[in-house]
Structures are given as C-alpha cells and as structure tokens.
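Please go over the structures that come below.
The following pair of complexes shares a single chain, chain A, combined with chain B in the former and chain C in the latter.
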Partner chain A sequence: MKKKKKKRKVKTNRLHVYTPFGKSVIKDSLAYKGSFYLFVICKVLSVFITYYLWRAIFSSSDNSELGGFNQVEILTYVFMSFVCSNMVYISMTTKIGENVVDGSIAINLIKPISYKSKLFAESIGEMIYKFIVPSVFVWIGLEVYKYVILDEFSLSGIRIALFLLSSMLSFIIYFLFEFCFGMIAFYSTYVWGMEIIKNSVLSFLTGQIIPLTFFPDFAQKLFNYLPFSSMNYVPVMIYLGKISSSELIFSIERQILWILILELISIALWRRVVKRISILGG
Partner chain B sequence: MIKVEGVSKEFVNAKKYPGLKGAVKGLFSNEKERKLAVNDISFEIADGEMVGYIGGNGAGKSTTIKMMTGIIVPTSGIIEVDGIVPYKNRMQNAQNIGVVFGQRTQLWWNLPLGETFTILKEIYKVNDKDFKKRMKFLNEVLDLGKFMNNTVRTLSLGQRMRADLAASLLHNPKTLYLDEPTIGLDLVVKDKIRNAIKEINAKYHSKVILTTHDLTDIEEICHRILIIDKGTIIYDGTLENIKDKYGKTRMISVDLHDISVVKKINFNKIFNVSKKDFNYQIDGKTVTFIINKDKVSVSAVLSNLMGKTDVKDIRIKETDIGDIVKQIYIAGI
Partner chain C sequence: MRYYFKIYRLFFKQYLKSLMQSKLDFFIGLFGCLFVQASGILFLYLVFEQIPLLDGWSIKELAFIYGFSQIPKGIDHLFADYIWLLSSQMVTNGEFDRYLLRPIPPFFQLLCDRVQLDAVGELLVGGLLVYISVSNGTIRVTFIGSILFVMAILAGAVIYTSVKLFFAALAFWMTNSFPVLQLGYEISNFTKYPTSIYPKGIQFVSAFIVPFAFASFYPAEYFVRNESFITTIIAEVCVALIAWVIAFSVFKKGVSVYKSAGS
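The block that comes next holds the complex of A and B.
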C-alpha cells in the first residue's frame, strides 16, 4: 500500500520541474535577438497600417462613429488588440509539428515529464518575454499618446487588472486550442499549410482585424458560441469599457468554461494520439 | 527484470507510388501499407545483465527499444520493465530508465551543459547530496569538466555523446537503453564510453541494453547477445556460443611464386570435402583458402602447396564477430 502511494507521487505535476523550460525559452529568445526584433518591427508596422486604414475609413465617412466605435476607441482597439494578441498568441502547432517531423518528441517522452505541461511552461516563458518586448511598451506608448496629444485618460486600476486577468484566460484558451490543433501533426506530419489557414481564419474570428461588432447579427451570435471571441476580443473590449458589468462576469465565466472544455478535449486527444505515435527518423 | 512476451509492432502508412504520376495517384488513393517491424519477439533480461541487441538496418532494433522505453505502443504482446508496463505508465517508467539515442541529443540545445544537469536534477528529483556525488563520479569517468560551461550546440560530437550518456545516468536508472551510443565517435571517445558503461554496471548493477553496429562495443561490454532480423529474433545466447558455431572458418592467404599450381591441385578430392568446407579465391599472386577447420587442417593445405612451388608469405585469419554477423545478416541462421 505504501509503495503504491509513493509511485503515484511521480505523476503529480511539480511546478518547479517545469520552470526551467519556461526560463530556457526566454534565454533562447534572447540568444536570437536579431530575428526577433525584425519580427517585432514587421508586426508593429502592420498595426500602424491597420490603424491608418481605419483613419482613412473614418475620414471618408460622414459618421463620427462606426460599428459603435469612435476614432479614439478604434485607435485603442487596434493597438490594444496588438498588445493582447502579441503576448497571448503563442503558436505551439509549429513546435509540435517540428517535434513530430524530426522525431525529437521521443526525447520528451523518455523523461518523466508531461509533454503538455512542458509546452505550457514554454508558452508562459514566451508570453512573459513578449509581454516585455514589445507589448508593454506599445501599451504605455498608446496611453501616453492618448494623454498628451488627445488629452484623454479613462484608465482605472480595476480595468487594467480585469484586462490582464481576461488576457491570461485568453492565453490559456489559446494554448489549449493550439495544443489540440497541434495534434493534427501526429496524423498529417506536416502542419505548415494548416497553420497558415488557421492563422488567417483566427485573425478574423478573434476580432484581431475587425472588431466583431462590425459583423452581421447572425455572425455575432455564432461567434458567441465559438471559443475565438474569448481569445482576444473579450479582453480588449473589457479594456475599452465596452462590456458592462453584468456582461463582464458572463464573459469571464465563458472564458473559464472554454478552458474547461478545451482541457477535456486536449486530454482525450492526447490519449488517442499517444497510442499511434511513430517516431520518425530512426 | 525485463519481460518481453510475444511482442509485435505493425506500422500502417499511406501507400505511396513511384514517380510524379504516382504522387498524383497517391492523392486520390486511400490504400494503406502495413509493415511488420517487429514480429512476435520474446526474451527476458535479468538485473545487472548487459545485453547486446544487434541486427541490420531496419531489422527492428530501435522499434523494440522504443517499445521498451514506452514511447510507442506494441500492436500486440506484453512488455514489463521491473513490473511496470512502460507504454501504460510512461512517466513512472521514465523515472527508472536512462536512454541514449546516439542519433539525437536529449540535451537542451541552447543551454549551457551545466544547466542541463540542474534541470535533470529537478525532473528526476535527485537530492543535493546524490547529485554532487554522481556528478563527481560521472565527471571522473566521462571527463566532462572542460566543457561543462559551454552551450550544448557548441559541443563536438564526442563531447555531446559523453554528456548525453552522463545525462541519462544522473538519476541512477535501473535500466539503461543505449541506442547506438558510439555512432560516429573516434576510438578514444568510444573507449571512454565503453569503460563508463562497464563501470556503471559494476557499481550500480543496472541492466544495460545496447544496440550498435560496432561489434567491438558488443565484444567489450556484453556477455549475451540478441540478434534480430526482419523483426524476428534469430539468436539469443552468449557471444562464445555463436563464435563456436560460426567461428570454425579460417582464412589462409598465401603468396606464391607460381600461382598456376593451385589450379592443378584438386583439393576437394584430396581432402574429400565439398565446396562448402573448402574453397579458394585467387587474386594476383595471392590465393586465399576459406576452410572449415574441423574438416580440413591448415597444415594439410600448406603441405600440399609447399612441395609444388615457393611459398613467399602466409597469413591465417580467424573469423571475427563482424564476419559472423555479416554471414548471419546475409544468409540467416
């Protein structure tokens, strides 16, 4: 009996086992700075392009509000969308795909660690890194710009806290979704094409390109039943103060619900997949 | 103890056709190709045993190792490693085993080597005292000190392999799986690795399962060998046994002044043996006799030659384990 207890202990996830993986991702990112900064510049540039596009739309329109957004709000939406998605969208599909294609998944499986927990730790590491470069700076820049140039300041501590909380939930939803999606790699081996399709579909469904209020009613209702709006749209709308207090609790509850659902799906998928693993490359 | 009973593994792949036309055809066909990588194998390995697991490329060695480590699930059959079914309790099994895949590293590519060991210390829950003691021991046998602070990606192959072996031993595993641990290494490093394996086995009484294509590894380390061919185990026994069974062949190379005399002598008739037990090849001024030493004596062959022409040089070669295994791979047992 005693022996059995001892054995079971091995299974429990110990946090400090996984922290080195998170740390190592941060170190890796620092090791390849050049490519990362180029990547960041590209991304920031695309945010500015999106923003100027919106400005052009506003200036050619007679209304001062479009889809419930005024010009300052759309500015906030576009940039906060970037702040949030930059740190929340951490793609694991490619990583899982790589592990499958080069067979290095074997190395993960011969160690007494859970593959999913390891990936999660790595995701957290990457998220922390991306929060610092450049999300937090874009965020501060945006608020400074709004305060100094536009003379607008509507932030409160609670709203920042709620935004961060909701973003964290988004991060977990996104991770679980990516993990489930990454399981395709075990069946199809190459996931690059799928990844491209997934990313473009997601950028629409998560409201990253266009706020979801711009979509027709039936589409908006449909989005309510999908996990995607919980990934980016919800935290940004919370930040904008566009989700009222009663709705706010509902939104966060829905995020938590999605975490539970996706967690169950991911466990079921992993169980299936582990049985049919074949290690490529000898 | 490791128990492997009637284990088979079948891989199912989409059928591919040759050429561009075939590639297009492959898009529309849903045919599956089944390949039996391991076919009904059974064996047992006792504690403290060092077993060489050999076979040609694609014979099923690595597949067996992967099933024993719990990475892949056998299609049928039972595997138990110290009472644990590896593919059912992967994590629990992983705690007790050390694995080295010679072709890929388990070290973290972008981290300094020293840090890899601290991570492993956490993963395997090694306490500080044991950690220090084992690191000291591993440092002695594998000589890691010089590159402990280097990033893994900057290590040479030999250094990396030594580090990999050390990494697989840190938690003092009861079972050590070594899948080609000496691949691509120079003789000095090979020696270090072999000695380390022997020392660890002597000190901790751990089981070692070793696959390799370098049969010197086997001769130096293993007492027992398993030979697998086309997914079936064709030999399970001691090294001496197989040497006795197949090591009867002797090769006698003789340099002669006048090579033509060889053709004039009808050896098979003189010795009254078939071509299987006596054969020769002529290459320039050298003739090589391949004989079965139980049927034909070396001196009889030589005395038949001596009187006919000048013998300049004689070399006698015993078959080594490499030749034996080659013979088995080609002809079967």
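The block that comes next holds the complex of A and C.
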C-alpha cells in the first residue's frame, strides 16, 4: 500500500509545498521559548568553559602560539566554532527515531511529499531560528569584545561572505550526514545512546573541541579524507583567514564533493530502509 | 530495611528482564558513555602534547581528578537516573500518581524504577584512571586514605543525586523542569578540571550554588596534593548533607503540592 503510493510519481519538488514545514518549526520554537532559552544558556555556558580552559592552557605555556594559534585566534576559534556549529548542526536522529517509534513515518510515506525534503525544510527553519538565537549575537559580541577590549579588527566583507557560504555548505553536509545516521533508528530504538556516541565523535572530528591542527600528522592526513572537517573546521578557518586563497577553492570544492557523495549514500540507504519499514508496519 | 532491599531486588529483576529484550541498546548506551569519557581524556592528552603543566597541574594529577570525578557521577547515574524523567515527564503525564498509590516512599520508588547500566562506562573509565594513578605513584595508598576515598565517593554521589533531585522537584511547580536540570547538571562538566582556572564567579557557583566542585575537584585535591583534610573531605561531607536536606525537603514539599496534570 505504502510502497505503491511511493511509486506513483507525484511532482514533489515544488518549493511552496515545503515552506510551511520550515515555518512550523520556527513557530514551535517560539511556543516553547522558556526551555529553548535555557538550553541556549546551557550551550553558551559550555563555550565559556572551553574558552577558560584554553586561557589556562595558554597561560601555562611559554610559547605564545600553540598548534598554530595565538590567544586571540583561539578565542575567535572557540566562539566562531560555536556560532557555526550551533546554526548548521541540526540533529535529525531524535526526530527520525520518534517518527519510527510512534509510527508517524508511515503517514509521511503516504503523503505525496518526500520525507527527506520535509526534514530538509524543517532543518532550514530551525537553522534560521538558531542563527538569530543566539549565533548572530554571540558573533557580534565576539567582534565587539575583540574591537573594544583587545583593539583588534580584521574583518572583511569577502571573508564574512565566504564564511557564510562555507557554513551553508556545512549545513547541507550535516543534514545529509544526519539523515544517513538517522536511518539507524530503523534498526534500534535506543536513540539517546546513539546520539551521545555520534555527538562525542563529531565534536572531536569536526574540530569543535580542539582545532584539528593539534592532532598528530597522520590523524590530520586522515581527516582530509573524511567529511567531518568540512562540517565546522573549514568555515571557521576561513573566517580566521587561516586558509590561503589557493587552498580556499580546494576546500570549498571538497565540501561540494562531500555533498554529492552523501547525497548518493542517503538515496541508497533510504531505498533499503523504506523496504524494511513496510515489513515492520505490516 | 530488609524489606526495602527485597523490593529493590524485585524491581531490579524486572528491569533486567526488560533489558535482555534489547541487548543491543545496552551496548549502544555503554559505548556512548565510554566515548564521552574517552573524548575528554583525548582532549587532555592532545593539550598536554603542547604544554608540560596546566595551571601547575601535571597530566597525571589531572587524570586522577578527572577519573575521581567520574566515579560519584557514575554511581548517581547508575542508581538515580530516573530523576531525569521526574523532571521531564512524570508530572506532565501524571505518571507520578502511581508512586502515591503505593505504601512505599516516593523517592525510594524513584530509585527502584531504573538501574541505568550505561553508567558502567563512567565507572569503568573513572576506576581505570584511579587505578593508573595509583600504579604510577601519583596517589599513595594508605589505610586511612582508602577509607576516606570511599567516603568521598559516597558523599560525592549524594551531592550529585541531591542536585538532580532539587532541580527535578521544581517540576512539581513548573510541570517540566528538564531544561533547568540540564543547565544545573552542565556545571558538573566544569568541575572535572581544577576550578582555579575559572573566574571567581564560576568558582563560587560550582562550590556553593550547584556544589559539584565538592563532589570532584576539592576532595580529589586532598588525595593528589595532601590538602588539609578538613577543607576537603569533611567539607564535602557537610556539603553533601546540607544539599541532601535541602533537596529532599523541596522534593517533599513538591509531592505535597503535586496535582496530577495527566489524563
């Protein structure tokens, strides 16, 4: 039944079909403002902790540079990592898990819309909301602090534009990765456990906890072949101006390449998994 | 007392049965906790590749503090994990009614409802780090030291449970206190490092408002640095008692104003 409906080729790629999903996510977040703001405070707090840890690390060191970063750069790195990952990293696993557990995914399959596009629309809505609360404020706060207290100002319009472009590519990579990862929900219902495994691995490999230059050389070479550095590290390094203009095009090309690869994987996985869900539901 | 043990055992058996249904979930949870721990240690390791001492602390000492702080956290996670559900859904969906209908204290039932075996991940890593610290001579084992160690860990676990219970009990007034609890619990992530690296404000909060520092860094300081026994272990036990009294009375007050919100 469900499969038949799926096969009927409905034109599902029109944009206006999906915009309401994005909008509804924003409305949802506005409805539960209290808990959302507490969650935001929680995250901002842990960024400050990371920063204080780094400050202690720098003041314990004789070198003014560690792993190619000076103290102002690490400040920028830590906070811009947050700005970037906060808005581009929208977790899908829990949502997919819930949809599988309570069976609402079946309803989604009957509807003449693509489940993946629906999730993507919802992600965009969430991203816009998270860009406003609190990414953009943290970003402005950081630059104001750097300008007023540290008397440093090195921003250019081009760099901001490149940062935003690269972040948008990260957003798509993240989304596709999450979508692929979320497919595990069809095999195990213990989504919480998978979430924390994924988050702890990702926070390392994407360079959120520590810049990837701190890793040993062989690990850094390995990271070049994984999609994770394209998710957070690349946009932040572009923002810092630590990627030279010749490497810059290459980095962005690599991000686009990963989007293509993950898109293909996600299509293949979805085909497999949809067959499975029809068995479960029967 | 024996009556309670018996009840606990019965609940535990039921829980094990449900666990056996999905062994995969157990391993996912266990590995999840192990991964979180491993990433914390990896961070320390990478940082110490660059510097010899962090704020005067060597990596061996930090590894002990880190490991030590994970044990009380793990014990609390093992036995009192259901408190999270009190904060997030028990009031909202009226699940708490069930507790009031039985002739057993509600808090005890809260403990009975789940043994969270994921916590084995934290206990394993914590135990391993403490073991390494003992074998490489960072910590000297003495008879009194071992007794104090056990005491410090138990008091630490009480602090964890008290903080969680306090924030979760707010759910009786707020219906959902999960975000508040999450915010409070986040503080525990700061205290696995020496708190001297933080500004005074954060030091004060982590010691006296949400006293996780007393469950990790301060007692660990006694073992690593031979700090005075009174300002560390005794202080910890006192803080644990005070925290427990406050948290439990808020919980009791909360139970008395509880109105079932579910259908």
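Convention: the second predicted complex is superposed on the first by the 267 of 282 C-alpha atoms of A that agree within 3 Å, B and C clash if a C-alpha of one lies under 4 Å from a C-alpha of the other, contacts with A are read in each partner's own complex, and residues count from 1 in each chain.
As a convention for this text, a contact is a pair of C-beta atoms (placed from the backbone, for glycine too) under 8 Å apart; a residue touches a chain by one contact, two chains touch by 3 or more.
This structure is a prediction, so every number in the text was calculated from the model and none was measured.
Contacts of A:104 after superposition: chain B is touched, whereas chain C is not reached. Contacts of A:73 after superposition on the shared chain: neither chain B nor chain C is touched. In the superposed pair of complexes, A:112 makes contact with chain B only, with no contact to chain C.
Once chain A of one complex is fitted onto chain A of the other, the partner contacts of A:57 are limited to chain C, with no touch recorded for chain B. When the shared chain is aligned, chain C comes close enough to touch A:34, but chain B does not. Across the superposed pair, chain B and chain C touch chain A at no common residue. On the side of chain A, the complex with chain C involves touching residues 34-35, 38-39, 41-42, 45-46, 48-49, 52-53, 55-57, 59-61, 63, 66-67, 188-190, 192-197, 200-201, 203-204, 209-210, 214-215.
Interface residues of chain C, counted against chain A in their complex, comprise 22, 24-25, 28-29, 31-33, 35-36, 38-39, 42-43, 46-47, 49-56, 118, 176, 178-180, 182-183, 186, 189-190, 193, 197-199, 202.
Contacts from chain A toward chain B in the complex involve residues 7, 10-11, 14, 16-17, 20-21, 24, 27-28, 31, 102-104, 106-107, 109-114, 274-279, 281-282.
Note for the complex: chain B touches chain A at residues 11, 62, 66, 69-73, 90-92, 94-95, 97, 99, 101, 103-106, 108, 110-111, 115, 118-119, 122-124.
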